[in-house]
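First chain written, first letter: the chains are A, B, C, D and E, and each begins at residue 1.
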Amino acid sequence: MKAKLFSGFPLTHDAQMSLLSCKDIRFQYPGTKTPLFDGLTITIDRPGFHALFGPSGIGKTTLAKIISGDIAGFSKQVKASGKGPCLYTYNQERLPGWSSVGRHVEQSTPEGRESLRDHLIHGFGLSNLLGMRFSQLSMGQCNRVNLLRYLLQDFRLLIMDESLANVDEPTREIIIYQIKSTFPKAGFLYISHNVVEVARFCDQIIVLRGRHKNPRTRLIVGQNHQKSQPLDKGALEASMLEIMNAA
Amino acid sequence: MKAKLFSGFPLTHDAQMSLLSCKDIRFQYPGTKTPLFDGLTITIDRPGFHALFGPSGIGKTTLAKIISGDIAGFSKQVKASGKGPCLYTYNQERLPGWSSVGRHVEQSTPEGRESLRDHLIHGFGLSNLLGMRFSQLSMGQCNRVNLLRYLLQDFRLLIMDESLANVDEPTREIIIYQIKSTFPKAGFLYISHNVVEVARFCDQIIVLRGRHKNPRTRLIVGQNHQKSQPLDKGALEASMLEIMNAA
Amino acid sequence: MLHRRIYQFFIVYFLGIGLLFGIKLVLGLSDYVIPGPSNLWNTATAEWYRYLGDVLNTFTVAVVGQVLSIIIALTVGVVGRKATWFGSFIKVAAYNVQAYPIVAIAPILFILLGDGYLTRLFIAAMICYFPLLLSVIGIMGEPVADIEHFYRITGRLRWQLEVKIRAFENLYKLTTVISGSATLAMAGTIVAEFIAANAGIGYSIRIALYQSDLSKILVALFMIGITLSFYQGVLEMLGTSLKKSWAGK
Amino acid sequence: MLHRRIYQFFIVYFLGIGLLFGIKLVLGLSDYVIPGPSNLWNTATAEWYRYLGDVLNTFTVAVVGQVLSIIIALTVGVVGRKATWFGSFIKVAAYNVQAYPIVAIAPILFILLGDGYLTRLFIAAMICYFPLLLSVIGIMGEPVADIEHFYRITGRLRWQLEVKIRAFENLYKLTTVISGSATLAMAGTIVAEFIAANAGIGYSIRIALYQSDLSKILVALFMIGITLSFYQGVLEMLGTSLKKSWAGK
Amino acid sequence: PGGKVFAEEQIVYRLKWLINASTAGDVFASSQGFFSREKLNVEVKAGGPERDAIRELELGYAQFGVASADQVIRALSKGARVKVLAQLFQVNPLQWIYRADAFTLTRPMDLAGKTIGITYGGNDETIMRALLASAGMDETQVVLAGVRYDYTPFFQNKVPIWPVYRNTQGILLSDKLKAGEERVSFFNPAEHGVRFVANSVVTSKKMMDQAPETVRRFTKALLAGWEAAMMPANETNVIRALTVHDRDTSKPVMRSQLAATRLMIQSNPDIPIGTIDTEAWRQTEQIMARQGLIPGPINVVDHLNPDSGL
């Protein structure tokens, strides 16, 4: 029933083209001695729910911002297919405080996506929070509200930088399943430190590795699990192992 | 060798007394309709590495602040044993920006704990970051630097509110083992959404449950795993299941 | 809060008067340099009512002037907040005009505006707006990245929204500066009356000065102070209730 | 940045002059009401050097006055930031003193400080400090919870540290207000000279006003503007480099 | 329709200073209907330090005004076309006050070695310099101290010789010092040959050319008003008229002020009020030229209209 509800939602992504390709990216933070990336190349060949994984401080956030254009100057090296922008969202974003969360979300809902919004609000467990101000929410509630408003926008690729880091696991699971079923053809890049989660839900996993490892990245195929499917525990553990070994 | 290094560190906690006891706590946020807690009672009977667990928005942060005194007015209902204050730390704290992270940590190290500090800096993987400003750190790096400076202080109980939420799992594992081995007799209350982690590393787990469940809390015993021990996978899974069922 | 402001003002005022009497006593100054208590008291009973009228007259101009200056400061601040050429030009213009002492440009103002209410208002606004402007520029020039990011990246960040976000995030600072600027509006109006009006307490002070009547001036200062303390108190209460209704806390 | 400020000042100034000339032309006014270009030019060539000296004289007082006012504002702001009785008392005192127009309290100042350098300095500082104070109170009164929490809970939050944290987190706003306040210090010094000194450009303007010599005033305004643009530019550069060295960016 | 056939002409008359005893005739002319009898509706506006009647004439904000002679001469030298209609003060009220018990000033040489207050840029500076020059004194023989509106240096005896308007401030100050048991005297430059003209009634040349009849009627009414105001019999009415605007001066003080004013408006009963002292104007121009306050001769006498009110 849910899937049908939003069949009218424009799915802007062309499955033929690669979702994302970054070529030969070199980046160095001003004031630092060594470049963070030096000739980094990444390709994800299809839409879907993918992940960016790697140890803390390796450059996930930086790479995400380069892809989305939040760090400017890489429009030549970064290509993403489809229409709409690459959006980047992170877990410390805030909503303005002058009216309730519900009102803000309402105002940033593009026309025609009201039922999508209501569907997501319900699925994300936010129905009771719409009357509150953002500053009154708990961390995980903040996370969810923020992610929700991004999902309502047009995008060719949505990068979620630890967007669910402060949400409990059962809720997170529900949300991920919901995203996957509601936007089956969109592109997502999910940044998370949770190996199980990444291995289980993601299609392809880009593992960013230490500065001195070669190659800098490894692409690993995850289980891309859907709610209705049975979960192959063995395969999952294999994926997890592969990811952990790669990092 | 490490354990020896800090045998001189004053362990202020008396194993005879209960670590923490909260009695009949009632709390309601101003402007809300129903109390968040109404007659909440919790006891942890011994020092160690414990957890506070529960779904997003259930009141973990609030309870933590009540215990630490960050939310004032509960000194009668909350008792904790030992000398030193209850400290509360959360993952969104920041260090001032006017000098390097290393310098700030140095300045907030109490006298005589310099070697403890250096030991933790190394163990937390922060050695290379000491020259940077806090605003230049990645999220996980911020988490670690912040937690580190709290560990250097006197406390009878340290509440860590998602303090490692943005750190990758292998690093987090190292850090937790390190805390447990360095402060074997101190009291910790670890707030995390990661069931595996909580079940594996924590001694006792307070599970905060939904408003309409009775009782509001359940106390579950975890594996309290130490680095040197073998890990009993079956027992771990049992603990996890128990926790998940309780929540 | 309001009554506290007022009795605190009494303390301040009588400390000041006490200081003056002390100086008079120590240096043995005659009544025409610093008036004695009885002289002051007589003047007060004779003039307070008239001066109250004058102060209220001044006060109404000051309130309008303050509103005007808030509008000017917000406009200039919003336009000048950007690091663009035009933004910095507006800033340069605003800063320069401010540096010209009002007494020096008063002749030019009279040429342009004639005399009367408008000039008085304009001078009051000019004196009051600049400090507001500095704060507004400081606040409006600094992004609130964690909030603005969503609107920027989705192309929704109109300047109005940007201004609203930054104003909201700095509500405490803004209300402090705005309620404090009441003081400046009052002082500005008095200066304006001093150089260019036939009414208001500034005009009365000017005559008292001309007649070298310090006790009248001290009475006038009392009336000014009490009115302002009251106004300030009211503004602060308004600010608090604004914060409550806008920020919900 | 510096040269941009200066040429933008030129634009502002000559726009203003152009406007005046336009009015003169349209209304057919004599040189007495608005001086003509040749009159202005002659005055400029005759007086610029002397006025430059005067402006520099004023400028030195303004700089000292500004430093003084920064110190006063920080002191009062830091003491008055708390919502305690004493804090609010200090605020009431500071606000009230400000509301008294300087012309009205000049006689009292004169008795206390005599005329000359000190009075000039004091008046300049008085005019300049208040806007700074408002910003400082606004900034110092608002906790930066995410940073202060650690220091507060571990008992390390001395007032110095609290002030340092809040200042640092609002560095952009503070530097904007401080560099902008140079303007006020300059205007304040000129006012002081106007009412209480025998030196400086304010004093020269006063004489020119007595002589109804608008062209002298326009030349004086030019000298003031150019000096101030220069100073402001330098302050902004200092601010930028302070931010760089303190904030490392 | 009944009522007036001719509407009264709307006129703005800008004074030089705030309304006080020095403007007695101006206020009286208005309050006693002297203007309306001439079919003029005159609004008398107080002046002030930032006011300049001559500018307002040119800008059309006023049709008549009061200006000091030095203002007129300066304006003429800058091409303003202004005409003098009447000279109100025959004796310049600008004089110097001092404590009579400390010393006596009978001739300019007595100033030697003393500290004298002058308003730099004001016409008291011009007058004092002219006085010193005419007495053959060097400026180094005296100490000139800049003064402002605030009398504290005089009160504290730091500047013992202080410039005041004899008929207004002079009275207030002598009263104040009298209360402190001190006596004062005044030093009047006119008694030592410096006749610097003070306030006069002016209008624009344009007004003069285009509405000579209005000018005539205005001047006539104004001078008649002054005439009436200066009559001791009318004193109570004059004081009542002034008190409407000047609420700060007590009646006894105002009475003394009026008495002093009378002596300056009509120093010689044979000379009608408003008479233009051409010789004094010539001297005033000369003094200003000598001190470099105007670039060259302007023949101020050509701009005086001694007959306008007749």
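Note that in this section contacts are C-beta pairs under 8 Å (C-beta built on N, C-alpha and C of every residue); 3 or more make two chains touch, one makes a residue touch a chain.
Here the structure is a predicted model, which is why all the values come from computation and not from measurement.
Common neighbours of subunit A and subunit D under the contact rule above are B, C. Common neighbours of subunit C and subunit E under the contact rule above are D. Each chain gets a centre from the mean of its Cα atoms; the one farthest from the centre of subunit A is E. Centroids of subunit A and subunit E (each the mean of its C-alpha atoms) stand 85 Å apart. Between the CA-based centres of subunit A and subunit C the separation comes to 51 Å, rounded to the whole angstrom. Separating the CA-averaged centres of subunit D and subunit E is a span of 38 Å.
Touching of two or more other chains is recorded for residues 33, 103, 107, 111, 206, 209, 248-249 of subunit C.
In subunit A, the residues that reach two or more other chains under the touch definition are 31, 92.
Residue positions 49-50, 52, 55, 59, 149-150, 152, 156 of subunit E are each in touch with at least two other chains.
By the touch criterion stated above, subunit C contacts subunit E in their complex at residues 30-33, 50, 103, 106-107, 110-111, 114-115, 195-196, 198, 204, 206-213, 216. Against subunit D, in their complex, subunit C makes its touches with residues 4-5, 8-9, 11-13, 20, 23, 29, 33-34, 85, 88-89, 92-93, 95-101, 103-105, 107-108, 111-112, 130-131, 133-135, 137-139, 141-142, 170, 172-174, 176-177, 180-181, 183-184, 186-187, 190-191, 194, 202, 205-206, 209, 214, 217, 220-221, 224-225, 228-229, 232. In the complex of the two chains, the subunit E residues touching subunit D come out as 49-50, 52, 54-55, 58-59, 71, 74-75, 78-81, 119-122, 146, 148-150, 152-153, 156, 293. Only residues 18, 45-46, 48-52, 55-56, 59, 61, 149-152, 155-156, 169, 172-173, 176-177, 179-180, 246-249 of subunit E touch subunit C when the two sit together in their complex. Put simply, subunit A touches subunit C in their complex at residues 68, 70, 85, 87-90, 92-98, 108, 133, 135, 146, 149-150, 153.
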